[in-house]
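Two complexes are shown next, each including chain A; its partner changes from chain B in the first to chain C in the second.
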Partner chain A sequence: MTHHYREQIKNIANKYGNDRGYLMNIAQDIVKEFGYISDEMVAHVAEILNIPMVQVRDMVSFYSFLPRKPLGKNVIRLSNAVIERMKGADEVGKAFEKELGISFGETTKDNLFTLLHTACIGLSDQAPGALINNVPLTNLKPADVPQIIRDIKAGKNVSDLPQARVLLNLKKEGEVICAPLESGQAIRNALNMKPEEVIAEINKSRLRGRGGAGFPTAMKWDFCRKQKSPIRYLICNADEGEPGTFKDRVILTEYPDLVFEGMTIAGYAIGAKEGIMYLRGEYAYLLDNLEKVLAKRRHLGLLGENICGREGFSFDIRIQLGAGAYVCGEESALIESAEGKRGAPRDRPPFPVQKGYKNEPTSVNNVETLCCAARILEKGGEWFAKIGTKDSTGTKMLSVSGDCEHPGVYEVEYGITIENLLELVGAKDTQAVQVGGASGKCVAPKDFGRRISFEDLPTGGSIMIFGKNRDLLECMHQFIEFFIEESCGWCVPCRAGTTLLEKKFRQILDGKGTVQSLAELRRIAQTVKAMSRCGLGQTSANPVLTTIYDFADLYAERIKEEDGKLLTFDLQKAMKVGIEASGRTMEGVK
Partner chain B sequence: MSKPVVATGHFTGCFGCHMSILDIDERILDLVELVEFNKSPINDIKHFTKPVDIGIIEGGISNDENAEILMEFRKHCKILVAIGACALTGGVPSMRNLVPLKECLEEAYLNGPTVKSENTGIIPNDPDIPVLLDKVYPCHEVVKIDYFLPGCPPSADTIWNALVALLKGEPLNLDYELIKYD
Partner chain C sequence: MSTNVVTFTIDGVEVKSAPDKTIIQAADDAGIYIPRLCYLKDLPPGGHCRVCTVKVNGRPVNSCTYPVAEGIVVENDTEELNSFRRNIIEMLFVEGNHFCPSCEVAGKCELQALAYRLGLLTPQMPYLYAQKELDATHPDVYLDRNRCVLCGRCVRASIHLDKKNVFGFENRGINMRISVNSNDGLKDTDLTKDDKAMSVCPTGCLVVKRQGYLTPVGKRLYDKKPIGSEIETKTVKS
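== the complex of A and B ==
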């Protein structure tokens, strides 16, 4: 048995040149081959790569898509993100449990099925969704479950199931992303300029990063270009893990050429020869097509050596597949992960533009940003700057989900008000809009006149709509649970703080909170926000901090008058064991 | 003007904090001038007879009697001050929290090496004995506590300064030595 592993692992490692930097790919291939990666296999990998075993285990134990124990032949990952649960994921989950006779986290006795929960898989517009053997299934209903299981048992391919259908759901096409592009046109325009001029053109467009933070793209490229180093890297962040985001799914399905065009232009501008697209593990099903597009572009001379006939400009792209970790959307964690390590954020400074991938200057840009860059080089920075608002030029791809008639992706001009957006997507009786995902802001109706823009309401693209009948605070609680799950555990405020926050919040939701608990909740939230090491922790208290004032009534109605007695303390319950152990009855006790 | 009323209470602990209260030495004469004592082990008043301004409690909550008396304190006291490690954290008695209560009782009364012979011991079940809780709770997990004075025990000076500050409604400034415990 050991021998058998050893040979195969050796071959896999060999395929990646026994390079430690490809540790994640090696582990992913091992999981593909054996279904899991055991401690024994970890030891083999360490030996073959000649690195300490803990380094391998450290990496493997971090990612939810790298199981360390054997799973069933078919792995069902049902998304339990907020929107999914609003659309009935819990009922679908119960149907799976009933049909398979197991609970979540378990494997059937015949080793045919493992049932797991997973975070948002980028299908909130067609929820509930699940990944079965990495194939996405959408719009699931409890009644579908028995047939799905029967079909898989009968040997049917998951991709042949009627539910294995991802709708594009592109509801509104704008002029920046969703427009036709002649492959290579933007690159040729760029190559007619000096790299500095390309950056100047981007500067003219006032393009800002689309991931949410809104850093000026030209400035980032300029910083990166000016670093004294012969090697630089360009990374495309396609790890959209923010709950409720799925615009990259649409872009990567429909406009992959535009993304790669943008990456190539960015490579030219900053002086990189190598580009990496970090694709979230949940989007593994997009990989084949993306590789095909890359191959086609190499064939057309748009990638590789001497691009578009330009002597000396070579640039190529590889796709790094993630393995199910939200924090890897943070650029320094993403870089760590792309280097084959656990996705823990780095200390900054140095920033990635100074020391990024393999400690070389690296520009990490969002999928959508790179698309914009390509379009700017096609149509000009001035054209782009005329769209949108003063500080937020261009358009934004919004992923709209939740309580509305037409969930899907909308390319809208920056500056659109929440009110107009709600009208556009057919949302009525809206209680709140979550802008920017779990880490974003929960916007109350009084603020529906506010605008989607960097100067007002910035967002990476996630728009979740909660109707009047939703228990909003329960939804916020699910966001906090999500952060507990996704915290990398490095710093105490985030690791322990998110759990303390959840406990206190639960207490209030259960009607056991007092006025004092509310004050404590606020204090914990502020500590977590102020003291955490990276963006994940710093924003993890937002579900509380952005509702505690604007939705104060929802909190107030659950707060009880307590007379100093804490409602969390249940004397009867605390006495139960003592009474039973001594054979007494409650009746004898006053 | 009537004097402020003070009560003190003791739960699961060693009475060391009350000893520390008495350790204020001759200042106890000042104290008697300053305040009126209601329920307290010091004067052996068993039940509250009027509303109390300041309640001082020591010890953790390990049985139903503790819990009920603590709730009485909360009901009668405007300000409740928890003093000492046991009240604040459960202290030494809470070491039993590491073992499930049932196992604790069985080890003590049925299976322990000092139990005379097998099958003769019983877990005490007299109705007059308070029922042990599943674990020892710090006071602030049972009722709202307004102020905490750490220490095992807090020194007499700490308690005195805190009490005087509370009575005068002044901010409490404790010297570093008084709250440093290592």
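== the complex of A and C ==
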């Protein structure tokens, strides 16, 4: 490992024009080539790009999918998200450990396999799931594991395994997203208007961002368009990483043309020539087909120079693959990542529409939002505004998973109640519904009459159902662990606060909590919520804050009455080291 | 380059400022202290510590990055915000490994001084006792990550004041650390003890060797006056 990699790294960097902005792509290609990126390789990349190695290390060390130590030839990433564990991921994990003779985080002696955990991979509707060498496997059972390992050892391609099958699971088709579209029709309609008129049409539809925050799309485009700058960018946020969401997987598989159509219209409306689709690293398996669709659209004159024969309107799209970081779904972190840096969110203002990608005005829109925009240009803003509720027009793609008969993706009108949704998906004896993923709200049965909408219960699309027999607080604990793993570390309240929250929460779950512990838990949670830098941090205490009142009984039954004893203090443990060091025994220490 | 002036209030006190300032800059000029840890006047803001969070029209924002605007209502010295700030300082104490009584920067440490000013007594949050690496490879300086609060001042100072790139970050989340521009410790970087980056550390993480304990107790920076008094004693009109 001294000289032979130097030439290859040079070639890789060369492929990207030795451009620092493509540092993430360069690192990803190195990992593809060598399986990891070592400190020496980091130094070498820095030398070629003529940037400080501390900056290269800064970026590389941030992402889960850029290992810095050699891994096995085959990398198994088993999802340990909440729904996955409800559906038996722990048992599947044990089967892998037994079959391979290693624990999670380890590599087999023959360097054939590395076993890792990963967060939600967008397959909660067919859980448990895993990525083996980036190929998704679904509906895994412990009994499947020995054969999987035997097949891979025998040289079989992972994609040829019977479990390497992603079901579409589109359970309800609505009229906005899941309808046929004649490619180019919406673009042609847009090109018959001025860009301002396209924005006015979107405004008429009252379309709001589908990522969860619900910012009016027309307003965002208008802000972006009005910035004084010759260059603007359009970014499609396809980094859906919220646990329990997988609707973009379905859209990108079934309706990629609709997404690209929407991106092109957005590009025309804001005056951008370049669009970027930021695709989460876990969806690398969708990349080939998406590139094919892009090529086809270029061939049809729907991308590239003079689109649909319109002199002067040029727009093209590149796909930026992420590398395993939930925080990159936050728009400013996504921009940093697309620039080849660590995915740390930015402070606002300035907002991305003012200073975004490469510090130019940038509109970042969700996959689903862009689909809606294309449909609006096809069928009109008024048509769209008639669907849904007053403040939440249109439909919403919901990813439904957990304790129900028919998990999958449902396109429903905004305004549907939780109760009706549960009926639709065949859920019975429901204890709670997690609306909006780990960062969302845990809704109790008393609130099942509430509606999915921006004005009541907003969601980016994740709906997780917990049945009566589930230990709800253990599920919340897993959400907190997820946030510890995914905190970017930039700011104190999120970096340290999430870990401290977990420690206090665990104490309570273990029956070592007192009334005082509950107050401590609230104090930490409220600090994290009020003081964190970005949406991830501000919502990372939600698993506690949205259950501590509505599910107060679950807490109360684990809290011991205070009797002056500190339940977390273990006298034996505290004295053990000292007693052993002095050569005495533990006898008599109670 | 506008000569305009914006007027707004901080805790009910009217403040006038040039429109291109941040809230913390305007407050400093007005002699109002907003507690802060990672912010330093001569560096671009980092937004790491969140201690300088204030409320603008009722919403928490970061005063070292948030621009002033006409008529905004800023809350700063309130019990709610001060308790959040105290909680953040507490988080830093339990996240790192800080032993004030034996630390060579006690008395001039900004973390310790903030704890005193904000009234933090003994931490109630659980200590994390994390393993952190010490880098003593350099002949003149050492880097003790046990005392690091990840304020990023050294990173920014090295870039913006020294025109070098000695420091950066590594890893993410609770495992994030300060990292240096070499694969073999500080000795292989172009850091010197006279770099501006050496004078900005708020704690005892990055210090010059053989200079500890030179100032006797009683004469240390914060022995007699609390942190922030240097701003509060400024006259409003200068």
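Rule of thumb we're sticking to: the second predicted complex is superposed on the first by the 575 of 590 C-alpha atoms of A that agree within 3 Å, B and C clash if a C-alpha of one lies under 4 Å from a C-alpha of the other, contacts with A are read in each partner's own complex, and residues count from 1 in each chain.
Here, contacts are C-beta pairs under 8 Å (C-beta built on N, C-alpha and C of every residue); 3 or more make two chains touch, one makes a residue touch a chain.
In this text the structure is predicted, and so the values were computed from the model without any measurement.
Q: Answer with first, second, both or neither: which of chain B and chain C does A:514 touch in the superposed model?
A: first
Q: Does the superposition put A:486 against chain B (first), chain C (second), both, or neither?
A: second
Q: Regarding the shared-chain residue A:584, is it in contact with chain B (first), chain C (second), both, or neither?
A: In the superposition, A:584 contacts chain B only.
Q: Would you check which partner chain A:496 touches, where first means chain B only, second means chain C only, and both and neither mean what they say?
A: It touches chain C, and chain B stays clear.
Q: Of the two partners chain B and chain C, indicate the one touching more residues belonging to chain A.
A: Comparing touch counts on chain A for chain B and chain C gives C.
Q: On the A-aligned overlay, A:575 touches which partner chain: chain B = first, chain C = second, or both, or neither?
A: Once the two structures are laid over each other on A, A:575 reaches chain B alone.
Q: Can you list the chain A residues touching chain C in their complex?
A: Answer in residue numbers: 39-40, 42-43, 52-55, 57-58, 61-62, 325, 342, 347, 349, 484-493, 495-500, 503-504, 520, 523-524, 526-527, 530-533.
Q: Touching chain A in the complex: which residues of chain B?
A: Touching chain A from chain B are residues 63-64, 67-68, 71, 74-75, 80, 100-102, 105-106, 123-125, 127, 131-135, 137, 140-144.
Q: Given the complex with chain A, which residues does chain C contribute to the contact?
A: These residues of chain C touch chain A: 45, 47-51, 53, 60, 62, 65-67, 84, 87-88, 91-92, 94-95, 124-126, 128, 149-150, 165-176, 179-183.
Q: Enumerate the contact residues on chain A facing chain B in the complex.
A: Residues 514, 516, 562-566, 568-569, 571, 573-584, 588-590 of chain A touch chain B in their complex.
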